[in-house]
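You will see chain A twice below: alongside chain B first, and alongside chain C after that.
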Partner chain A sequence: MSAPLLDVRGLAVGFAGEDGLVPAVQGASFALGAGACLGIVGESGSGKSVAALSVMGLLPPATARITGGSVLLDGRDLLALTPEARRQLRGGEIAMIFQEPMTSLNPAFTIGDQIAEAIRAHAPMSAAAARERAIALLRQVRIASPEKRYDEYPHRLSGGMRQRVMIAIALAGNPRLLIADEPTTALDVTVQAQIVALLRDIQRERGTAILLISHNLGLIAGLADEIAVMYAGRVLEHGPAARILAHPEHPYTIGLLGAVPRAAPGEAPLVGIEGSVPDPRHPPPGCVFQPRCPFAEARCAEAAPPLRALAPGHHAACHLAPLEPVA
Partner chain B sequence: MSPPLLRVRGLRKEFAIGGLFSGGRGKVVAVDGVSFDLDAGETLGLVGESGCGKSTTGRLILRLVEPTAGSVQLRGEELTGLKPHAMIAHRRNMQLIFQDPYSSLNPSMTVREIIGEPLQVHGIDTTPGIDGRVAELLTLVGLGPQHMRRFPHEFSGGQRQRIGIARALALEPRLIICDEPVSALDVSVQAQILNLLRRLQAQTGVGLLFISHDLMAVRYIAQRVAVMYLGRLVETAPTTTLFAAPLHPYTRALLDAVPAPEHGAAPRPLLDGELPSPLAPPTGCHFHPRCPFATARCVAEAPAMTEVSPGHGVACHHAATLPAWPGLSPALTRPPEPRLARLLARFHA
Partner chain C sequence: MATALTAGTAQAPAADGRLRRVLRRLQRQPTSLVAGAVILAFIIIALAAPWVAPQDPLASSFLAVRKPPSAAHWLGTDEVGRDVFSRLVWGARTSMLAGLIPVLVALSISLPLGLLSGYAGGWIDMVLMRVVDAMLAIPFLIIAIALAAFLGPDIWNAMLAIGIAALPIFVRLARAAAMSVRAEDYVEATRSLGSSPLRIAVRHILPNMLPPLLVQTSVMAASAIIAEASLSFLGLGQQPPAPSWGSMLNAAQRHMAAAPWMAIAPGCAIFLLVISLNVLGDGLRDALDPKGR
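So, the complex of A and B:
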């Protein structure tokens, strides 16, 4: 396999707290090939968004500290770049869309001008040429009559339309990597499906690699080629999407799959993972999932299990894996 | 035959809009002629997208918002028009669980005060004393009496939602309106709360109106479902019927939009557009601008809710002639593979 487009190795990020640094990401590694889609699934506090912001270079500088690891884009360590060099990459080679399309757009400018501004920030051109390109981008994100929409203000658009505009802005610099952090969470069910379809088309038509971050395994399943499962700042399992969904090895992944309601009323109760995500200031000893894990043994509280290969490309951080030998 | 626990007929709510600076006054019809029954011990799922009026419907039933028209009967007694003091006696029978467990608990009150307050307000005689009753309720929702002196900020989201449920249960209500009770929670915790609601219903026989945009959660918890679009009910049916043979094109679109947790699942046909503005609702059937089957009649005339089989009503002119629906994505209904099922069983132990 050729070198991946994005290669995050041993990333560790902490936030300044009252009693020192609170770890948010602890030694997370994941990689994404050119034109591929990696889904990072995790609950609140898993560190998935912090990992994404580290790649983007958007961690709050006053409180966040990257304490270890590297973020390689085409073999170049982004963490070693100057702030100015990173700014050049943002919106250029790497772009990002967020959960909240309502607050990400400037209410005082038309959507067309905001897209054109992003275009001209990375490729100097005349206003007329930028307008043409902005209209082409609006068309590409499937906004009907883009020439008319160009001059509208964000408040006139629905949530789904605003997220499409955000995607158009993200595409303005022709990024090779698009980071989508919970891109559909704030949207209605029927609109969520439209945005997922749009992201899929963009990946296929433009060859843009997508780092998709979500708490929703169903959403990730629809787009991702590879899945990484994060919990309490760590990657507990990663591998090809089909394998992770059909043959998960980490008890946490298994619990997440069981928590998606499939049963009709009266059928077996849903799997609820008892307890809640640990406080990052007081992590449990050994494996971070051990206090909630129905498989846990004495050794799980003694040492944190490393990620181990269980099948080609499939790694899990569990002392007990494989949980059941493949028949 | 005794009346149902809750009978809602022709419920309507208009909100005035505009005013001082906008010149003319207009109105938004947030809830437009909603009717349904809910029996004791039953869960009715009220499903729709944001802005469809489902939360307003819940608030109208509780009279937290005054209905413009229509009737709400609790155990045969009309609630609309009752004077505030006359409502108090009914309020103990109707409780609400909120979506956001962070903003719905008073941060300066202890858990004991939060759960004990409704008992004091209604002057309930608790034989074991308020502490004893609060301890019972905490145990019932899976928390335990040791938490009584703690404050909301000391709890996780799921635990706070349990406190909210304990508060709702304190008065032994006959009806609980659950307004998106799991939407703000993590996936693994959502399952805990859905299981808790199912268990509590089996134990107490309380009727639940479960308001949600999450169809799979509704399928899991509700025996009947009502689908709402832009203020109107478009389909009501027993859950198994609705998920096996939905008739309204909007219901089908909602079901098609549920993401399947399976790699490479074939994408379903997608609904175009978004919920129209309730300020200027489409004529006729509100759904016609997005409906692949719409005809001139749909533009001109709003379809009435018609019963097509016992308990299954649909408001669509073309319900009888629509093509068959291919069914939910198999990935959403198929039981887990044997290996996964064996591993999942460990979580129930």
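So, the complex of A and C:
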């Protein structure tokens, strides 16, 4: 990963509240190489979706303020671009799929129309050519008899099918970066697995880099090459997926792994993390996770630990890292 | 009106799902079906007026002035001996147009304005809504009468005036619809594809604004028919000797005691058409409700 495709550095985003700016993301940094998959994991309110919307340039303009940092795509700072230039990038260089496939398609048009529209938005071509390409895309997202489905309205499709259509629409502009914000949360478990497999195939076949955002570590584990763990607007740990899943260094990551349900009963008890995400306006002193951390010591409340390298590419922000293996 | 009808049926197969679902739901409401049949009957009568009307609606006869209903004149005759039934049939044309034209005028102006106001927001929204508030502060009919009087007594001016008077309600509705559609996930999804604001507004928001407006259209058509009747009653709408239901009532009021049939026939026609439009509007509201089954 010499020159990453996407390089987010020290991103800080706040939302205008009644009593000043409420920070949602505070100095988050992560990078994603071309054709790779980065999983951002975290609880609700950890700032992962806000970080994704910042990359897209789709933060609500009335309330959101980017207060610091940079978002580099191929070394170009997106935050410095004009709104019009950012709009050009959307759907072309960067595309996004959302959490709610049931409501993310326009009920007034056929799915084919909507895919063809996305195709023609970035590459002007005849309606017939766009139809051909749209059908090819439908086939690529594994929709059976795409010629017939082309003329169907969204309400006739199941949630999984609609998410496939959303992926087809996102792929219409041949993006190099696909942001998937909780792409399977609204779907059945069996369908979730199919969508994950589809995203993996797309990453491999088309070389599309994927920024996967989820609270579901199991989903991230199945797809991501790299993992970044976000909490209270900060990245607490990041590194290669295999390394983080096998040797988590931050107590929060350990807590998240302990809270993943497994199929085999009795193997390990399901453990929750006590407490809840701190109020971003009144963060606890020192480490943001310290009030909930089972290993917290006196020094944790005194100073916030910086991200430290523990192994090649593996960083964690914890005073106690690296943890000693316990027998 | 004929073109509007055929266009509607031609679109039916293309507009698959949603339209068919709404029609199926409408079919389960007997009252809406009856109302629809009554409206359709009035439309057919209006279109076929020359063949339905037994006599010339303008031909007066001093031998048959204010005659009660009989075999020769089914609904009697008016003060100059014209056949009330024939005038009623020809008047249906005016009244149907009076229901249609103002609604088209109101829709064609309020859709872009409401879309602009609801989608763009900001000071544009602020200014438009204050103008709408000001118009809403004056009763609908008063605005229509003032405009019609200003434009001059003529049936087309009356329709235009009614359409403009109906604007504030439609702009409000269109704005509310635009605002609610703007917040839909698929609009956000379209934005993530880099669609331009104009494209989002016209292609993704506008079509989804129509269902709530459709209901208002049917109710508004009823109000417009009454308004036309009122304006004609006041002499600002249809000019004699051409018939409209309102102008027939206007003529009848001087002979209420001696020739009540002159008032009863157009009165019943207005009542029947207006109640049918309102019932159909209610039915449409239920059929279009996404929460219904």
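Definition applied: the second predicted complex is superposed on the first by the 315 of 327 C-alpha atoms of A that agree within 3 Å, B and C clash if a C-alpha of one lies under 4 Å from a C-alpha of the other, contacts with A are read in each partner's own complex, and residues count from 1 in each chain.
In this section, a contact is a pair of C-beta atoms (placed from the backbone, for glycine too) under 8 Å apart; a residue touches a chain by one contact, two chains touch by 3 or more.
Quantities reported herein were computed from a predicted structural model and do not represent experimental measurements.
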item	value
Partner chain(s) touched by A:145 [first = chain B, second = chain C, both, neither]	neither
Which superposed partner A:217 touches (first chain B, second chain C, both, neither)	first
Which of chain B and chain C A:269 touches, first, second, both or neither	first
First (chain B), second (chain C), both or neither touched by A:174	neither
Contacts of A:194 with chain B and chain C, given as first, second, both or neither	first
Footprint overlap on chain A, comparing chain B with chain C	none
In the complex, chain B residues that touch chain A	43, 49-50, 156-159, 186-192, 194-195, 198, 213, 215-217, 219-223, 239-240, 243, 253-254, 256-265, 267-268, 270-271, 274-275, 332-337, 339-340, 342-344, 346-349
Residues of chain C defined as touching chain A within the complex	16-18, 184-186, 188-196, 199, 203-204, 207-208
Chain A residues touching chain B - in the complex, by the definition given at the top	43-44, 158-161, 188-194, 196-197, 200, 215-219, 221-222, 224, 241-242, 245-248, 251, 254-265, 268-274, 276-277, 294-295, 323-324, 327
Sites on chain A touched by chain C in the complex	56, 58, 87-92, 95-96, 98, 100, 103-110, 117-118, 121-122, 151, 153, 155-156, 166, 169-170, 172-173
